[in-house]
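Here the chain labels run A, B and C in written order, and each chain numbers its own residues starting at 1.
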Amino acid sequence: MKKTLSEIASHVKGKVFGDPGVIIENIRGIDEAREGDLTFVANPKYLKSLETTEASAILVSPGVERADKNLIVVDDPYVALGQVLGVFYPEDHDPPKASRGTLIEEGATVSQDARVYPGAFIGRGAKVERGVVIYPGVYIGRDVAIGEYSILYPNVVVLRRCIIGKRVILHPGVVVGSDGFGFARPAQENIKIPQVGFVQIDDDVEVGANTTIDRGTIDKTWVKRGVKIDNLVQVAHNVVIGEYSVIVSQVGISGSTRLGKGVILGGQAGLVGHIQLGDHVMVGAQSGVHEDVPSGQVVSGSPHLPHKKWLRVVASLAQLPEMRKSLSSILERLEKLEKEAK
Amino acid sequence: MKKTLSEIASHVKGKVFGDPGVIIENIRGIDEAREGDLTFVANPKYLKSLETTEASAILVSPGVERADKNLIVVDDPYVALGQVLGVFYPEDHDPPKASRGTLIEEGATVSQDARVYPGAFIGRGAKVERGVVIYPGVYIGRDVAIGEYSILYPNVVVLRRCIIGKRVILHPGVVVGSDGFGFARPAQENIKIPQVGFVQIDDDVEVGANTTIDRGTIDKTWVKRGVKIDNLVQVAHNVVIGEYSVIVSQVGISGSTRLGKGVILGGQAGLVGHIQLGDHVMVGAQSGVHEDVPSGQVVSGSPHLPHKKWLRVVASLAQLPEMRKSLSSILERLEKLEKEAK
Amino acid sequence: MKKTLSEIASHVKGKVFGDPGVIIENIRGIDEAREGDLTFVANPKYLKSLETTEASAILVSPGVERADKNLIVVDDPYVALGQVLGVFYPEDHDPPKASRGTLIEEGATVSQDARVYPGAFIGRGAKVERGVVIYPGVYIGRDVAIGEYSILYPNVVVLRRCIIGKRVILHPGVVVGSDGFGFARPAQENIKIPQVGFVQIDDDVEVGANTTIDRGTIDKTWVKRGVKIDNLVQVAHNVVIGEYSVIVSQVGISGSTRLGKGVILGGQAGLVGHIQLGDHVMVGAQSGVHEDVPSGQVVSGSPHLPHKKWLRVVASLAQLPEMRKSLSSILERLEKLEKEAK
């Protein structure tokens, strides 16, 4: 694909500095870009590469204007990058023509406009809306609903009665609706509590590869509109995740915990069960959250502390061996003074 | 389904307080329950919801008797909940009638009473006993044995020679028998050590979605009777997990480590290799266990400490910056005193 | 299989002590071994079992010679073990004769000498070289390349345009080429940035069960020659992992982070994005690495410290409650002295 810089600028609603007629054929990272490539600087850490990049043009933020480069200045270069990538690399989800080997159980309702690959299974009572893409190896259990234009990548499993909204993306290996981990008399008899609830995933949610979301024990586990979950995350039974929250890779959320809107959980963080995190709470990577966190707070550490306090604790921690030495010497000097004082 | 409160009470061996003839049609959580619903209080945290619940009846522990509600009093409301859920929501694992697309290799032995979905693969020499359910996308390797009434959910993989007991439940995406992580001259040549052992999973074990259990290098990795493992757990080669142990989500157990009976590992805990945990050891969430732990001990932290000691360390940790300030001021005052003493 | 000790010794280039004619039929761990078995001691922790083992012969390191046992002395018993295991337990990857149900899309190129199981999917434009083994449930996306003699175990997913080298092993459930986790205006609008790059995995790499490797946003995520990755590891977009590095289970590597050669990451360690680790860096289990680490360094802790410093901090940490008490008593004594000095 070939586009002029000014065509691209008008698509991303940006302003050209330099030659508006320069031809862009490809998009590449700032260190890999060559002539004909458009690149971008979204993270200030990479501003220094502006000096050396061979890209024909660069998407930058306001204030980065410079005379020696062709630039498109936009409010948010990362958003603009997303828009151009969508234009240069449109994605194709069409299955092969002959779809022998597709296993649709009698009693399933699949839209004529859904695209189902061979090797997928759709159970009776399931409803698959128009525009949905179902890749090979996907299992859709009985009475499951999949909303318009959702994409289920290979080997995704959605078990009985779960509800998936519109434009949801489930990456390969995602499991939705596995049994919650509920046992009476744990470590003695481990009596299984049947998990008869379901999972509800609202519109515009994306779930990363091999992430697992357990069904509610009786009611539902609920991932609300616009939530983005990374790979290998664990969401336990009866958890509720508020709109537009962002859950980074390998996080674990224990049973019945509820997150407000716009919560961000850093990678490998863990949350105990039965707690509430308010709107826009941020949790640092590897933190362990053991009790409610009010809206707007930033917390870090395991067990968690307010983020600023945690920073001070961590700074002191490195000094701990010296503090211990200092304590010994103080004790000696004190004893000496006390003897002298007698 | 409709049952009277007294019918339910007799099923769970409980005692009715209130109206024994009230009709129950459904089971729901305490905040969601409406007229016609039975609910429960197993965690004291939810006792306050007793005031406001609209449920027609509630499963409670002894001592929660109150005149204004219909109650069933039982020793363990969570166990009783499990019993009623099993009655109200019986699970159906029947595959579709036509099971074209099932791939059973010549030389496999599959019971007439096993239920095999289309899209499953069963290798030669494998033995699948009666009552077993094998969902689509399951791979059963050569010479594998699957005991009576076990359930293998979609996309489970059990590799060559592994042995699965009776009434075992493997949730979607579980991998049993992948190669252990064994390399000679690590980070230099990474020479692969063939992993030729197997995995043995005993009766009544349940393994959570996308959990991985590696085969022994030469001998076996062994998950004993009644063990319950949550989602996304890693069990390395030659690990032994004792009867009725409970392993919470995202735990990692390194090679050759052995757990006694009734051990509980909290979420995201990690154990180094070649250590032993005695019977009924409890390990806190996110802990790092680096050496043997004797029977009955409770440990927390990374590296782990006895739980009570860890609680004191954690309490002091938050005071660390103040301790550091205090040390500086002490040093100043001490110097002043020393000068004066001269 | 039966072999004499001297045949085995000549295969592993070792020296026999004891009876060279003793017959070996099997290989077993030191505690399980019986007559007819060969065993080994690679970890000094197990040297004490030499006293009690019933094995007919033992692979040991130089310096372990003893008169009462049949031994093969080799430089590296673990390497030698790997060699004998390969001889005694050759692996068989042949698919069943009739491979009905294999789904190869028109326009895919599959070598006559590749072995493709039924229930695998290969997209158009994909190229599968000779000697490759593709198990059931594997999904190979469009324009993917799989190099000679690679093995893709059941339910592996390799998405569009990814490149897999020669002799690569992907264990069950591995996902290669899922979308990176890139969203503009996080926790507010979560605007998806299309992930249009790919993953390149070089020769002789092994990737553990259910591990996920995301595609680059624009360029590539790159796992270099000889790297070994354990189960349930997360490799984010644009990460580069240097030759022969070893990544233990449940590690998470955030976006654009680059590892040098021969790096070792301990289990459950986490690395933030956009940092560099030099050659032969070692990171302790459960560590959190938040900034660049120069070549050759060993680091531990979260946030990480130089390993030796971390050991001292950890040792002091257990003393923290006592230090706090000591501080209080010092303050009292100091005040007393100060009063007296007035």
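Convention: a residue touches a chain if its C-beta (ideal position, glycine included) is under 8 Å from a C-beta of that chain, and two chains touch if they have at least 3 such contacts.
Note that the structure is a prediction, hence the values are computed from the model and not measured.
Judged by shared residue numbers over all numbers used at their interface, chain A and chain C contact each other through mostly different positions, with under half in common. Note: Cα superposition of chain A onto chain B, rotation of 120 degrees, nearest 5.
Taking each chain's centre as the average of its CA atoms, chain A and chain C sit 25 Å apart. Chain contacts: chain C has residues 101, 119, 137, 155, 173, 210, 232, 250, 268, 317, 320, 323, 327, 330, 334, 337, 341 touching two or more partner chains. Residues 101, 103, 105-106, 119, 121, 124, 137, 139, 142, 155, 157, 159, 173, 175, 178-179, 181-194, 196, 210, 212, 214, 216-219, 232, 234, 236, 238, 250, 252, 254, 268, 270, 272, 274, 288, 302-303, 305, 309, 312-313, 315-317, 319-320, 323, 326-327, 330, 333-334, 337, 340-341 of chain A are the ones that touch chain B when the two sit in their complex. Against chain A, in their complex, chain B makes its touches with residues 27-29, 32, 43, 45, 76, 78-79, 81-82, 85-86, 88-89, 91-92, 96, 101, 117-119, 135-137, 153-155, 169, 171-173, 204, 206, 208-210, 226-228, 230-232, 244-246, 248-250, 262-264, 267-268, 280, 285-286, 314, 317-318, 320-321, 323-324, 327, 330-331, 334, 337-338, 341.
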